[in-house]
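Every chain is named by a letter (A, B and C) in the order it is written, and numbering of its residues begins at 1.
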Amino acid sequence: MAINPSLLFLSLLLLFNGCLARQTFSSQQFQNECQINRLHAFAPQTRIRSEAGTTEWWNPNSQQLRCAGVSVMRQTIEPNGLVLPSFTNAPQLLYIVQGRGIQGIVMPGCAETFQDSQQWQHQSRGRFQDQHQKIRRFRQGDIIALPQGVVHWSYNDGNERVVTINLLDTGNSANQLDNIPRRFHLAGNPEEEQRQLRRLAQQMQGRSERGEESEEEGGEGEGEEEEEDNPSRHSRHQEEEEQGRESSSCNNLLSFNVDQDVIRKIQRVRGNRGTIIRVRDRLQVVTPPRMEEEEREERQQEQRYRRTRGGSQDNGLEETFCSMRIKENLADPERADIFNPQAGRISTLNRFNLPILQQLELSAERGVLYNRAGLIPQWNVNAHKILYMLRGRARVQVVNHNGDAVFDDNVEQGQLLTVPQNFAFMKQAGNEGAEWISFFTNSEATNTPMAGSVSFMRALPEEVVAASYQVSREDARRIKFNNKNTFFFTPSQSERRADA
Amino acid sequence: MAINPSLLFLSLLLLFNGCLARQTFSSQQFQNECQINRLHAFAPQTRIRSEAGTTEWWNPNSQQLRCAGVSVMRQTIEPNGLVLPSFTNAPQLLYIVQGRGIQGIVMPGCAETFQDSQQWQHQSRGRFQDQHQKIRRFRQGDIIALPQGVVHWSYNDGNERVVTINLLDTGNSANQLDNIPRRFHLAGNPEEEQRQLRRLAQQMQGRSERGEESEEEGGEGEGEEEEEDNPSRHSRHQEEEEQGRESSSCNNLLSFNVDQDVIRKIQRVRGNRGTIIRVRDRLQVVTPPRMEEEEREERQQEQRYRRTRGGSQDNGLEETFCSMRIKENLADPERADIFNPQAGRISTLNRFNLPILQQLELSAERGVLYNRAGLIPQWNVNAHKILYMLRGRARVQVVNHNGDAVFDDNVEQGQLLTVPQNFAFMKQAGNEGAEWISFFTNSEATNTPMAGSVSFMRALPEEVVAASYQVSREDARRIKFNNKNTFFFTPSQSERRADA
Amino acid sequence: MAINPSLLFLSLLLLFNGCLARQTFSSQQFQNECQINRLHAFAPQTRIRSEAGTTEWWNPNSQQLRCAGVSVMRQTIEPNGLVLPSFTNAPQLLYIVQGRGIQGIVMPGCAETFQDSQQWQHQSRGRFQDQHQKIRRFRQGDIIALPQGVVHWSYNDGNERVVTINLLDTGNSANQLDNIPRRFHLAGNPEEEQRQLRRLAQQMQGRSERGEESEEEGGEGEGEEEEEDNPSRHSRHQEEEEQGRESSSCNNLLSFNVDQDVIRKIQRVRGNRGTIIRVRDRLQVVTPPRMEEEEREERQQEQRYRRTRGGSQDNGLEETFCSMRIKENLADPERADIFNPQAGRISTLNRFNLPILQQLELSAERGVLYNRAGLIPQWNVNAHKILYMLRGRARVQVVNHNGDAVFDDNVEQGQLLTVPQNFAFMKQAGNEGAEWISFFTNSEATNTPMAGSVSFMRALPEEVVAASYQVSREDARRIKFNNKNTFFFTPSQSERRADA
C-alpha cells in the first residue's frame, strides 16, 4: 500500500496510546533533574493579591521547571495599577497577554545617556522639568526583554486588565546566585508574596515526599493556593500580619533612601497594598509619543542597523547596552515568519531580530493554530521550550530519549508545559484553535522537524531511509518527498484521520 | 654527585612506590566529584548486541567520568552494518579505531544549503534523482566532530569490522539536560541498549555502596555485562521482551513519520535487530568520490581559509555552521606535530586546525610511543584528559594536588583512563610500544611539561631552582639546561634506569 | 516636613534595628547555597607555619564563600622568604597588603617568547648566562592577576613582612574540577597545609551539624586554628609527622624532575620548612630594573595599545596570552576613579584597564573612606563582592531580597565579608576611617546606587516616585534631585545624624 502522508499523525497517536511510561535509566549519583518520566501541564500554584492586581507563581520546585532552570510568574494589573519598582536575579522575558500600558526600566550605568528629551516631559506643574530614563508603551502581543538586576516598573493606563507572563531564567549564567527566583522590591510591601512562596515551598516539599506524580497536577485554577479576590478577606490577611508591623517596615530596600518621617508614614499606610498599588489620580507625567510613531522609529533604527552591519553576521556585541531595543510585538499576523493560510502561523524572536537576546541567552515564539491544524513533530536541538497556552487548547505529545511518551494530553488555556531539550514533540489544536507563547533557553533556538520538506528525512539518502525503516525504495522516496508540508499539517489532513 | 637526567624517571617510580593513598581534604557540603583518591584503568561495563554490531558503554557513574563530565562508548560495526540514525544530548568526538565506511550527518537548518550535486547521486533506478546532505568517507585514524542534537548514521562498506570510540561531553554547555548521556534513536529498536544501561546503573549503585574501590576495576573484558556474540542467545533476549512488543513499538521517534501499515510491519520485524542492522543488499546509492580526492579538496579549502584568515588569529566564529569541516585523520605519521625518531610522535587536533572544535569545546591527540620510550611528566592546565589505549600498553602515573599517586599501573589495550585537570602524569610504553587516543575537554588544551627544554623549570631563575630544591647553583643549572628532551624520553635513557 | 537628605542614613540604621532575620523561602530540592539568612565578618580559620612565613585560609565551606564560589587565603612572607613554586586550580587575584618583593610566573606555552634579555640576567658567576621568564617587582597596593594552572613564586627582598590576600575563583569556568581550592606544590613540603585543611574541613562539617549560625563567627584571630609563631612548637608538629616521612617525600610534584640522590637529600632536609622557605643568602640573580622604570614602560605600552585599539571597544581577545600585563597598583591616590575630598576615594580595576581580567572573569576595587564618611547604598548587578578590610573598620549593612538585614555590624581590619550579587549594602567608616580591597566575580562588575545623582531614583519619573513611596510630588522631586552626592556621603552629613 502506498504511503499516505495524511495518515502519519494518526499512527503517531495510536503508537503513543500503546506506550506505558516506565522507570528510565536513573542514578542518584547524578544530578538527574531532567530524568523526566511524566510531564504535567499545570497552572500557577500560588496567587498573591495586591491592592491593584495579583501575582501568581508556578511552583519553581516542579521537576520540569528545575530541569529547564527557569521560573514563571503571571501578573494581573488592574486599570490604574502601578507595579512598583523591582528587579530580579535572573534575566526575564515578559509577554503581554492582554491590555496596554507603559513601562520604565532603569539601565544601570546608563543614567546620563538615557535621558528622554521628548516634549511630554515638560508638562509637570510649574516650571520644573522632570528627567528620567526612557519610558515605553506596551500592548498585547509585546515581548519585553529585561536583563538581570535591572529596575523596572509598569503602569496600566488602559481600561482593561493587563496580564503578563514572566519567564525568569534562573539557570542563566548572568545569575550567580542559586536557582531560586528572587524579586528585589524597591517599594511597597512584598511580605505577602514572600510568605506565600515560603508556604508553597514547604507544601511542595511535603507533597513531593508523598509522591511526585501529583506534584504538578492541576488545571487552570485547580490546586491553587488562591486568595479570593475580595478586599475584606484581603484585609484579614493584613491583620494577621499586624504583629509583624515593625518587621514589615524593613521589607523595602528603598527605605535606604527616605527620611524617618516618611518612613513612619510608610509604615502606617504601606502594609495593605502589596507590590501592585492603585494610583490615586492617574499618572499624568508620562505620555510617550503614540505607539505607532515610536514603533516606526524603532523599526527604522533597526533597519539602519542591519544595513550597516549585515544582518545575520551581527553578533550583537557592538550594540551598546544602553541603547538596545528591548521590545517587539509578535501578535501582528503580518509579523509571522512561518505562515500557512489553512493551518496557522508562527512568529519568532531571537538574537537576529532582537539583539539583546544574545546577552540574555533567550528567545521566544508566538504561534497560532487554526481549528484542528497541527505542528509537525520536531525537537529542539539546543534549548528547552517553555510553552504557555494563551487561548484555546492543543493536544501535545512529548517523547523522551527512551521513546516513552512523557506527555500526551491537552494543554488548556492558562497552563504551562516544558518540553526539555532534544525531547520530540508535536501539537494539534482543538476545535477552537490554539494560540501560545513559547520561551526558549537559547538566543538562537533551533529545531529539527521530523517530517515535511525541511525534515532530517530529506537529508538522508533514499537507501538509508529504506534500510532504516525496512521499506521499499519506492516507499522511502515517498516518505522523503511526498510530504510537502513545512511545519504545519492542515485541518483537511487531520480530518481524514477519522476515516482511517 | 652530578645530576644525570636519565635517572630522573626511576626516582619518580621509587617515590611513588613509597606513597600511600590517603583520605584527602573532602567535604560533603561540596559537590566533590573530583576528590579522587584512586583511579582505575577500566574497560566498558556493558555490551549490547545488535544484528550487525555491538555497542559498549563505560560506566557513566564512575567517579573519573563524572569528574570529567563525559561518557564514553565503543561501537563495533560488522561489514555491511548500518548504524541507524540517532543523535545525542552532548557534543561528540568519534575516533575510528579500525575499518572504513561512510557517514552522513544532518545539520539542522542546513537542509537547503547542503545538497550534494555530485554525479553519484543520479544513479538511482529510473529518472528519479535523490538529494541528501553531504556524505563523508571515514577510515582508521579519523576523528569526527559531532555537535549535540545532530542526526548521524554510519555504514560499514568495507571488509573488516569498523570500531569507533565515542566521547560524549555531557558536561558541555551545549547540553542543557543533566549529565546523563542520552542517545535519541530515530529508527531501529534501542530497547536492549536502554535496558542494559538501566541494569548497569542499578548494579553500579549497589556496587558503590559496598565500596567504591571496586567500582572501576576490571581489565579488557573483565567485569563486563557481556552479551555473547551469539545470535541464538541474542534471540532469547528478544523473546524475553515478547510481552513488551506493543511497548517496544514506541521506542522509535521516527514512528512519528510513517503510516500505520508501515508501523505494523515495523512492529513485526524490528524487534530483533537493535540499533545496528545488516543491510540486505549493500547500500548502493552512496558512492562518494575517492577519499584521496575528497581529502585533497578539504585540505585546499582549509589552506585557502587559513590564508585569508591568518591561522591562529581565527576564532572560528565566522565559519558558517553548515559548511564546517568536521573530520581529520590523525593516524598518518606525517601529520605528527611532535616527533622524535627514537621515541614516538604526537598528532594534535584543536580549534586551530579544526575550527568546529571551538564550538564543541573539545580537542584530541593521537600518540605513539616506541618500545619503552616515554612522555615527560606534565599536567594539563585547562582540561581533563580522557585516554583510550589503542594498541600495546603503557605504565602511567597520575599525581593529585596532595602529591599522592592516584594511579600507578599499566593501561592496557582497550582500557580507558581519565587524567583530571591539573593532575600531573607521565607515561612509559611497554615492550611492544603504545598507541593511544586522548580527548580533552577544552578546544585548546594546554599542557606544561615538568622537565625538558620547554618545562616550567626553564622559566625559573637558576637561583630560585637552587633555593627551592636545595641544590647547588651548578646542580640547578644542570636541572634547567642539561635535559634536552622536549616531550619524550627515549628508550636508551629508560634502559639505563635498570643500571641505577 | 521637607526631606533632608542627611537623615536618610539614620533612617536606614533605625529600620535595620527593627528587622529580625527570618527563615526565608528555601527548598532542599534546590542547591540553595545562596539562601543566606545571616552573614558574619570573619577571620581566617586555619594558620599554617612555614619556615619563613604563614599561610592562612578562610574556611572554604562557609556559606558565604560557597555562595560566591571562591576561596580566600592570606599569606605572610618574612624578609628573605621565598614562596616556593606552585599553581592553583582556579584563577587568582592577589593583593599586596604590605611590603615589596619580586614575583615570577610561568606562562605555559610561552617559554620561548618570554625570555628576558635585560642585562641583569648576565651577572651569574662565571660566563654562564641564565635565562628565564619575566620577573616582576611588586609593592604594597598592587593587584596581580594569575590564570589557573600557571606556576608562580614570590620572594620578599625587602625589610618588612610581605602580606598578600589571595582570592581563588573556584567557581570560574576555567576550573573544571569541583569547587574545592587546590594548590599544586612543585617544591617544598605542603603536608602541613594539606593536613590543616583536612582537619578544618572535618571540624566545619561537625560544627555545621550543630548549627549554622556559629559557622562563621569569630573576629580577627578568634576561633582560629592557630599555630603559634614558635619554631619549637612548629618542630613538634614535624615530629608528629616523623612516621609519615616516607609518605611526605611524595608530596612534591617536582620530585618527578630530580634524581635519586637529590631526592634523598630533600627527604632529609625538606620536612621542616613548609612552602615558604628562608633563602640562605639573599637571592642574587634577580635584579629587575627599578620599579618606576618598569611601570613607566608598562603604562606606555598600555597607552599605545589603547590608542590603537580604542579603549573600551577592546574585548581583550586580541592581546596574546603571553604578553599580557598582569599587574596594577591601586594604592596611589592619583589612580582613584571616584574621589571626594571630604569622603574618600575608590580605584577600580576591570577588563577595561587590565584586559587579562576578561579571561579571568574577575575585577577589583580598592576603597578609602575618611573618618565617619560613607558609601551610598547600592547593589551589584552582575557579581558577588568579597570585601577584605585593610585598615580601620566600617559599619556595613547588607539586605537580602526579603528586605531582611542579613548583616549589620562592623567589619574590622583583617576580616572578610561577602556581599552576594543583587543584595543591597551600605558602608560607613569608623572614627579612624576605613580602607578595603574588594574582589568581584565579573570582569566588569556594575553597581546601581540607591541614592544620589546617579541612582536609579533619578531614572524614575517624579510621579512614579511619588506614587511608589506615597509622598507628594514636591517630596518626590526632592528625593530625586536634592541629593547631589554621587557615591559617597560625607562626614558632615553623617555627623548631623546624631542631631536627628
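Throughout what follows, a residue touches a chain if its C-beta (ideal position, glycine included) is under 8 Å from a C-beta of that chain, and two chains touch if they have at least 3 such contacts.
Note that this is a predicted model, so its numbers are computed, not measured.
Novice: Chains shared as neighbours by subunit A and subunit B?
Specialist: Chains touching both subunit A and subunit B: C.
Novice: Do subunit A and subunit C, two copies of one chain sequence, contact each other through the same residue numbers, with over half in common, or through different ones?
Specialist: different
Novice: Could you tell me the distance, in whole angstrom, between the mean C-alpha positions of subunit A and subunit C?
Specialist: Averaging C-alpha atoms per chain gives centres 39 Å apart.
Novice: Would you mind listing the residues of subunit C that make contact with two or more other chains?
Specialist: none
Novice: Tell me, which parts of subunit B touch subunit C in their complex?
Specialist: Result: residues 1, 3-5, 7-12, 14-16, 18-20, 22-35, 67-69, 171, 313, 315, 377, 379-384, 399, 401-405, 420-422, 424, 426, 441-442, 446-448, 450-451, 454-464, 467-471, 473, 475, 477, 479, 500 of subunit B touch subunit C.
Novice: Flag every residue of subunit C that touches subunit B in the complex, lowest number first.
Specialist: For subunit C paired with subunit B, touching residues are 60-61, 66, 82, 84-85, 87, 89, 104, 106-109, 111-112, 114, 124-125, 128, 130-133, 135, 148-151, 153, 155, 174-180, 182-188, 190, 194, 197-198, 201, 204-205, 208, 246-247, 249-263, 265-266, 269-270, 277, 279-280, 283-286, 317-318.
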